[in-house]
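Two complexes, one shared chain (chain A), two partners (chain B, chain C).
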Partner chain A sequence: MTNNKRELCLSGTGVTKIFGFGNRKTVAVDHVDFNFYSGELISIVGESGSGKTTLIKMLLGLTSVTEGEIFFMGKKRDISSHEKKKEYWRGIQAIFQDPFSSYNIFSKIDSVLLDCIHMRGGRRLPKAKKIEMMREACSFVNLKFDEMTNKYPFELSGGQMQRLMIARVFLLKPKILLADEPTSMIDACSRATILDMLLKLRDEIGMTIIFITHDMGLAYYVSDTVYIMEKGKFVEFGTADEIILAPKAEYTKQLLDDIPKIHDPWEFSRNKKSTA
Partner chain B sequence: MSKIILEVNDLSTKYITRNREDVYAVSDVSFKVEEGKSLGIAGESGCGKSTLALSLMGYYFAPLHYIKGDIIIDGKNIAKMKPDDVRKNILGTEIAYIPQAAMNALNPTRKIIKFIEDVIRAHDPKAKKKDIYDLARERFEVLNLAEDTLHKYAVELSGGMKQRTVIAVSTILSPKVLIADEPSSALDVTSQKAVIKMLHDLQDLGIIKSMIFITHELPLLYNVTDKIMVMYAAQLVETGTADQMIFDPLHPYSKGLMGSILVPEDGTRDVKLVAIPGTPPNLKAPPDGCRFAPRCKYATIECQVMSIPIKELENNRRCRCRFTEAELRRFYDEQ
Partner chain C sequence: MKAHLRSVVRSGKFMVGFIIFASILLFSFIYPFFNPGNPLAMIGYNSFTKPGTYISLYDSMETRRTYIFRLPEAELARVASKLDDRDRGLIREWLILFNKQENAGIRESEIDIENTTSLLSLWWEYYTEDIRVEGLTIAGRRELSRLDQRLDGLFYTDDRHVMSYNQETGEHDILFAVITVDDYVHIDDVANSIHLPLGTDGFGRDMLKQLVSAIGTSLWIGLIAGCVATSIGLVLGLVAGYVGGIVDDIIMFITNLFTVIPGFVLLILIANSMTQFERGPVTVAIVIGLTSWVWTTRSVRSQVMSLRNRDHVNLSKLSGHSMPRIIAKDVLPYLASYVVMAFILQISSGILSEAGLSMLGLGPSTTTTATLGLMMDWSIMKSTAHITGAWWAYYPVIIVIALISFSLNLMNTGLDQVFNPQLRD
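Our next item is the complex of A and B:
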């Protein structure tokens, strides 16, 4: 989705995170600049240890920023107090890699969803309206609300849990959704559903989605813009086609070369096939 | 047709849970692996891939139990051997197994050479230290691992290095069959490629004769194996060569699975991903009919009740579906 007028949604200048100090300091994220535009699906791709998750935690306000500024909707982000943090989280939400540890095991599914309605200020709505909203959220992610009401999250499968997570996001309607490897713990078959739902959130609600992954194929399939991260820095960014089909940075080329492909197999496996 | 190294006939195994319920994790699996070839096993999590790998070693310990079937390695049936005999005479020399987190198997307080001594001494208690060292050095050299790795501790090695070291250690006795159960899924793409290259080298150098490779990552499977076998709900649903299975799957389940492949290549963005609805059946009481029928859009009433055997097709393929090849192809064309 390339609009002519792209509205800046989340941006950062010189964002840095350093763990430890002195000789033991580790620079996890090293002076990164980024501009994420509204209504786009942005992928951040990198290997393990490249600082993807640290960056996400900083964007969410879960860890402090050592240096640099983050701007949210054109204004400098202020999360100095608990109230301000709460306000900020109305605009930015996240889904994580492990759906199994994302829920409170003591609350039932309907109360998980009800909490979201209350967070959006719907505490005083009539009960029938609340149920209608929950039903709508469940149908958005192809879950049957009537089968869900009396269950606990751990009674669902991994894919269903992740879908319920998306139903929460649907009710909360944040401006930005951070998705930290949401498909890496679920099967290839359910993966398609999750990806479709993220695309649906982008297209139907106009949500900005920041998608973290280590899988180039996935990133290529879903994203508008791709950022490649190496050792805490962005080495390259651009549209998905630019980055995947015509990479410029050495690191991106290396990464693409090492990924198993089906139309262009690795040199040693191709040799093997031709002699077989 | 070259020599058959591993032949499995009607192998069935089960888990017995704490509540004394049986979970049939592998049912009636039969296949053959030829010398010098590699076989890939694909399927979603919980379909019995890893249980099949464990069962193939012939080494059963609770909660895994053997029900029936033969496992013939190079003419020897290991399915009915005693666990102790299997451990002493089969594991390491005939068959070796690498689990996903193999790198965590290294004791941090011991040097790598000690593990090699352990493996060799378990089979030959009188082996001399110098002979073991020479063998290890030679083997590490052909596999492009530095000799000084032998004197290092596990903590001094990176993840990919550890995984390669474990593979080198577990194949030190030149087993005939190597079972690799997701050996690279905990690694980065760069280390993954190094691990796969090493598995290829092992096979090219004749250190191992055949390999069984398990993963849920289909592009990787295509790059590694000659033949691919797809499992669903403890059963084998389709087998064929890697090319046939990736580009021309027949069974509706394989079709769905192969439709979920995403690679960073031109054309990926035009693909319409189609998810398979529903969940796999409960293996405590597997259904009588086709196990995939409740999720299959071509299924009829007969599919739900008729027990469906695996059928031999032309060009060495096998498929567990009531419909013929022509009928299936017509379904796919109509879409």
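Our next item is the complex of A and C:
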């Protein structure tokens, strides 16, 4: 990927989020600057409590920004009214960490997918066309629509729920997808499937994917660009190779050390003990 | 949903509560069909007539067919019924005093006021008018001598001749009937009789009929108060919890204000400030509802606050849904079980509040409908029922109020167990 072709789709300057005030002030995100380019898969890596999810919520416009500016497609983001927010959300969508709490348990799966079609302006489409679209979205994530229809979310497994989330994104086709640790609550087999589907979204639709994780190995496996976040700040960013092979920040090295190594587990544990 | 319904039906507590409540409700629906008419009609001229069946004396004499029975125990029963509790007490009192003075050797256990035969035989054995027993007033002594004379007439069994009164001549000349001790009439042949299972109240009104209509009115009051309180509490709680910020601050300020003012005092002040004519059952119900929404608001608000940050709400926002739709479809269903429970409790506390207000004389001002609280108020009016021992004027009302609120609370606890797995047995 060459630098001169890269088109900026989401960027921010001095983005800050402070919870509480006075003595109880907590700075969750501390003056971060970032430039996310179109068609890339960007990973934001950090331990829990480093402010990843707060940043995501700010990028989505679900939480207000205390300070700083966010630019979407080169323009300053405007989400002052419900209509403008709706317009913004046509371009930016999310997948959350916990598939079990992402669904309203009182409404059926069909309504989740129908909402997406309606949001894309397909409210007046004939019913057959809508079903066709839903079937296509389900087959994109290897689910059978006929098995899904008329079911409640809690009747599905965690992996199926998360794949349905991706089907939802497939229908909405936003420019940017924010995936907040989408694989952390799912077993290892489904994890690979989900990751492959995210890559498929990037490659086939050209979606920009911002992937939040605490797992360096996973980040290396999927991403073009990696941002390392520590205590609300980006301590390092660069291409996946740069970060993994030549880490500069102390925190990055620490994160790399913490990746479990399968090939020589005994040596790993002995080394750890001797250094300790 | 189906599984929930099934576990509701299986919950023992809920079903017991439901059965009690449903039977009270069913009874109040069905009873008026068997005994129609105005429940507040003053049928009796005496206050607090005791429960039982009343037969018209006039119509018993007019009854065409009489039957003859010779019952061995009839005479004793007749004598016993002529001797009331006061007479028996007097006899016993005199016998004790006499025994002390004269050492007649009567054991106190022998003087049994229930046993008419032994009591009378003792009396006739020892009593003469001339004996002066210490510790009796002159009036007391005279009363005893009158009692002694009356006792002679106990065994009078001659035929009674009923004469009819001729208005023209002004004489009792026409022999209407001759009644002997062995004459009986069938109760069904008597043209008029009235069955009062709970007697009458101080105004001579049928208590059971009144109670049945009062149950209906009180449940209506509870329902209206519950609806008003729950809907205010729900709306304010939803708005405060979901919108947050300054709106939340304002709503919570008002809520806290209502929390610190004792609700019942507020209720008394509002009820007192209205004139008598404005204070119908519905008005009182609305006033009760307007003062009891506070706790619903607080708990709905706190639950909404935890719900509004859930992922499914965020996802609904990302799908471009409007705030009212998110509240209605993504927040409210999660609260539904709580709201139902709060509603049940509000009905119960509405009925209790009405009873409390009415007993203070601030309840519905009406003479056309009865409520449970008003019935309590009427029974203590001029402080009579509990002094004259007319238990039927207030005990049934108390039991019904207790049963209604007990059953509603039981249903609430049962539902709580169904919806909250931690509380299951």
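Here is the rule we use: the second predicted complex is superposed on the first by the 259 of 276 C-alpha atoms of A that agree within 3 Å, B and C clash if a C-alpha of one lies under 4 Å from a C-alpha of the other, contacts with A are read in each partner's own complex, and residues count from 1 in each chain.
Everything that follows uses one rule, which is that a residue touches a chain if its C-beta (ideal position, glycine included) is under 8 Å from a C-beta of that chain, and two chains touch if they have at least 3 such contacts.
As the structure is a computational prediction, the values presented were derived from the model and not from experiment.
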Chain touching more of chain A, residue-wise (chain B, chain C): B
For A:Asp98, select first, second, both or neither according to whether it touches chain B, chain C, the two together, or no partner. second
Just checking: does A:Pro260 make contact with chain B only, chain C only, both, or neither of them? Give me first, second, both or neither. first
Thinking of the overlay built on chain A, is A:Ala246 touched by chain B (first), by chain C (second), by both, or by neither? neither
Please work out whether A:Ser157 is in contact with chain B alone, chain C alone, both, or neither, and reply first, second, both or neither. first
In the overlay, answer first, second, both or neither for which of chain B and chain C A:Asp215 touches. first
Quick one: classify A:Thr193 as touching chain B (first), chain C (second), both or neither. first
Would you mind listing the overlap between the chain B footprint and the chain C footprint on chain A? none
Where on chain A does chain B make contact in their complex? 47-48, 157, 187-193, 195-196, 214-221, 240-241, 244-245, 254-256, 258-266, 268-269, 272-273, 276
The answer for chain A against chain C in the complex is residues 57, 60, 62, 82, 85-86, 89-90, 93-94, 96-98, 101-107, 115-116, 119
Inside the complex, what are the residues of chain B that reach chain A? 37, 44-45, 188-190, 192-193, 196-197, 200, 216-220, 222-224, 226, 242, 246-247, 256-257, 259-266, 268-269, 271, 273-276, 279
Within the complex, chain A is touched by chain C residues 310-312, 314-323, 329-330, 333-334
